[in-house]
Amino acid sequence: MNRRDFLKNTVKGVAGLGISAAAIEFINPKDLLANINSDNAKARWAFLVNTYKCVGCGFCVKACKQENEIPYDANVTRTWVERYVITKEGKRYADTPKGGRDGFITTKIEMGKDKFQEVKDEDIQKAFFVPKLCNQCENPPCVQVCPVGATYQAPDGVVLVDRTWCIGCGYCIMGCPYGVRFFHPKYHTAEKCNFCYHRISKGLKTACVQACPFGARQIGNIKDPNDPITKIILTERVGILKEEFGTKPQVFYIGLDREVK
Amino acid sequence: MKNHVFRPLLAVIGLVVIVLIIRVFYVPKDFGVHERGYMYGWYREGNIEEWKTQVKVKYQGKEYCAGCHADKVAAIDKTPHAIIQCENCHGPANDAIADHPSEQRPKLTIDKTRGQCLRCHSKLHYPSSGRDKIRGIDPDKHNPDIECVMCHNPHKPSLEGLK
Amino acid sequence: MVHGELWTIKDLFVYPNEYIYWSVQIVMYPFMTGLVAGAFVLSSLYHVFGIKELKDIARFALVFSFALLFIAPVPIILHLQHPFRGINNLMTPHFTSAIAAFGIVFSAYGAIVASELWFLYRRHFVSIAQPLKEKQDKTLAEWVRFIIFCSLTLGVYDVSEESLKKDEKAIKILAGLGIPVACFLHGYAGFIFGSVKANALWMTPLMPVIFIMSAIVSGIALCMLTYIVTMEIRKFLAKRKKASQFGHQTTEELQSAEINVIRMTAKYLLLFLVFAISLELLDLVFRGYTATKSWDVLRSVIYGKDFTSIFILQYTIGNLIPFILFLLPNLTIRRALLAVVLVMFGVFMMRWNVVVGGQAFSLSFAGYMHYHLPIIPHDWETLKEGFFGALAVFLAPFGLFWVITKIFPVFDVEKSH
């Protein structure tokens, strides 16, 4: 083929591709840059957990299930409570029977299916409860790995899932270091705590915050300097879970012990 | 096309164009890059509003209950059980007032099971936890066959008020 | 029962939402794409590097790669909770996710293989389409054949020497271009796992490379296996004096051609096998040496729970024994056959140990999850994510290959490129 033909073909090819490429409005670099640089969201939701106050009653888990229509008997939950028992001999036990949905009503620690460990009261060095929920991370790895854009972060920091778009691949579930995600038993899409988005956007508290009798859970706007939880987070000593992953979680813990997994 | 070598390339380009045309119809118009950038903000914007509006609020909180049941709320507020939400034992209020005119309002559900009370009152000697400070019993030893409410009144839980 | 609950047994402290979500079909998927990539690389060894002894198996490998390509997405479709929404991957891909590469890479790779096949078989299509075009009264069967082969010519009927030379050049370019794409096709699968920082077993930069190396191993092994099997069939038929179907080759000629091809290909298989094993052992050694937070639970999984699966099934039966079999002098067909079957088993176990092994321990590092593969299906889910679903995926390419060879014949195509 001669040079003229080659050039003609190239021009035709490029023009064809160009027209098609114009149809691709995936990324407009200027918009992209503008989005990243502007941080004009007025609110950023954050959560505060006080593990000294949590008694393991499980009212939060029950309320969450009912408020967010997660089938009550299904063995998945948007939030859960863990129990940690450390003995004087240095043995460590942890369990979360049904996620704490029915509270912790026995001293026997669940070690597997139908397996329990009895720990005598006098052997206990320390024991406590740790509620967990989605951390609505600032750098959410679950959002990063979604192949279709079904899960995303809203401008106010809450990570949501679009049930009409999720293909159910499970990559986000594998990508979460905290294990907060699961497949919804009915919708078969990825599911997780979303800070009761339908409640907080109406000025209500999340179901778990409202249900907790002991004030172990609180939610607030970390961008508001007058918010009670903002004051605590900024002035008192708080911890976060699994910091080494670089996810920048926005659930803060008072009394976070090194034993917490 | 003088050179047959480019035939397959044409076929491929044709397929790509078809996919792009399908895309125009298939992808919702509000799908794109939003505030958090491409990595964290690639989504269908309409979904945010769906989450805000399409889920009904079920738990209304104590003040809502007090609207009709002020006497009960006032009574329980004098006891240590004031900290418990009514709906923790009586189930979510949903839209109780609006749903039914007062004559037809359904009876309040009450969770009377032992498990409900044992959530806090099964004694666990756990130093360094708030649980340690709650008075409780050994569920296997203290009247294991009967409901707590047979003897105890949750709205007046003081041991002096036993039936 | 929530998804995954049926085949997961939890032990000790596991978070409530943790189950084995990525089950056998996710093991099958990298296995199948590995075969695709490996078969293609084998074919390209002839077309790009001109290794003449591989000519016969090269054409074979390319067609098989094409058959495998159609089956490779099937495990994904079977695994997705919303399979019909799978198209979203192509419609709104989120390229920060490795899985988003699936649509583009597969399409690109499919285009390359299809184009290469077109150039390779163009003359064959024309030789069938041309006489049918001229024929006036076509039977229904002939009409169907005509439509298929006429459209396959893409309207090009020039089979002069000059045009065929252009074809050869195009094949060489496509084969060369296809090698990095094939590597990407499987490398991205390795990246899917290697980039998940939440999973202590999967997280390693070596993962994409390990996957590519073992993919090539499995692809070569599969082609050798199918080649041996088809050669045995041909010899059997030649012995029964159906010589007219297969040209003029006698059993002896078939035999000697076969053993040379097998010995040659085995050398390449060994080379990539050594790469694959070295990288995997390197990963294990580094983990043990650096002993980070996850090492305690990983060690208990690797050296305890999964010891048999990893060291006996994968490394010994799947790698060491075939290694010895290949290295022993005077490789026979029978020994090669056993060795390639064991190699493919080893590659499958590697995928199993990565996918299932990565879910064998809890994110809490204080609990375990045991996967028991559903064998007898009692509903759609236990069928598609169970033993028979995986078996169907494995056998389908062979069936599809047989169908495709009706259009792309792999033996005795006259004066092939």
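The letters A, B and C name the chains in turn, as written, and every chain counts its residues from 1.
By definition in this document, contacts are C-beta pairs under 8 Å (C-beta built on N, C-alpha and C of every residue); 3 or more make two chains touch, one makes a residue touch a chain.
Owing to the predicted nature of the structure, the values given are computational and were not obtained by experimental measurement.
Enquirer: Sort the chain contact graph into one of these: line, ring, star, complete or other.
Expert: It is complete, because no pair of chains fails to touch.
Enquirer: When you average C-alpha coordinates per chain, which one falls nearest the overall C-alpha average? Tell me, please.
Expert: That would be chain A.
Enquirer: Suppose chain centres are the mean of their C-alpha atoms. Which chain sits farthest from subunit A?
Expert: C
Enquirer: Going by the contact definition above, tell me which chain pair has the most C-beta pairs touching.
Expert: A-B
Enquirer: Can you work out the whole-Å distance between the CA centroids of subunit A and subunit C?
Expert: Roughly 37 Å, centre to centre.
Enquirer: Where the CA atoms of subunit B average out and where those of subunit C average out, how many Å apart are those spots?
Expert: A distance of 46 Å separates the two centres.
Enquirer: Just give me the whole-number Å value for how far the CA centre of subunit A lies from that of subunit B.
Expert: 15
Enquirer: When you check subunit A against every other chain, which residues touch at least two of them?
Expert: Each of 26, 144, 149-150, 165 in subunit A touches at least two other chains.
Enquirer: Can you list the subunit C residues in contact with two or more other chains?
Expert: 91-92, 94, 96
Enquirer: Where in subunit B do residues touch at least two different other chains?
Expert: Those would be 3, 9, 23, 31, 38-39, 42.
Enquirer: Tell me, which parts of subunit C touch subunit B in their complex?
Expert: 87, 90-92, 94, 96, 107, 111, 114-115, 118-119, 154-156, 158, 163, 166-167, 170
Enquirer: Over in the complex, which subunit B residues touch subunit A? Could you list them?
Expert: 1-3, 6, 9, 13, 16-17, 20-21, 23-24, 31-44, 47-48, 51-59, 61, 83-85, 87-88, 91-92, 115, 118-120, 122, 124-131, 134, 139
Enquirer: Which residues of subunit C touch subunit A in the complex?
Expert: 2-5, 9-13, 15-19, 21-22, 76, 79-83, 85-86, 88-89, 91-94, 96-100, 102, 192, 195-199, 293, 362-366
Enquirer: Residues of subunit B touching subunit C in their complex?
Expert: These residues of subunit B touch subunit C: 3-5, 7-9, 11-12, 15, 19, 22-23, 26-27, 31, 38-39, 42.
Enquirer: Using the touch definition up top, name the residues of subunit A that touch subunit C in the complex.
Expert: Listed in rising order, the residues of subunit A that touch subunit C are 26, 74-77, 80, 92-96, 98-99, 111-113, 132, 141, 144-150, 165-171, 173-183, 185, 188-189, 244-246, 261.
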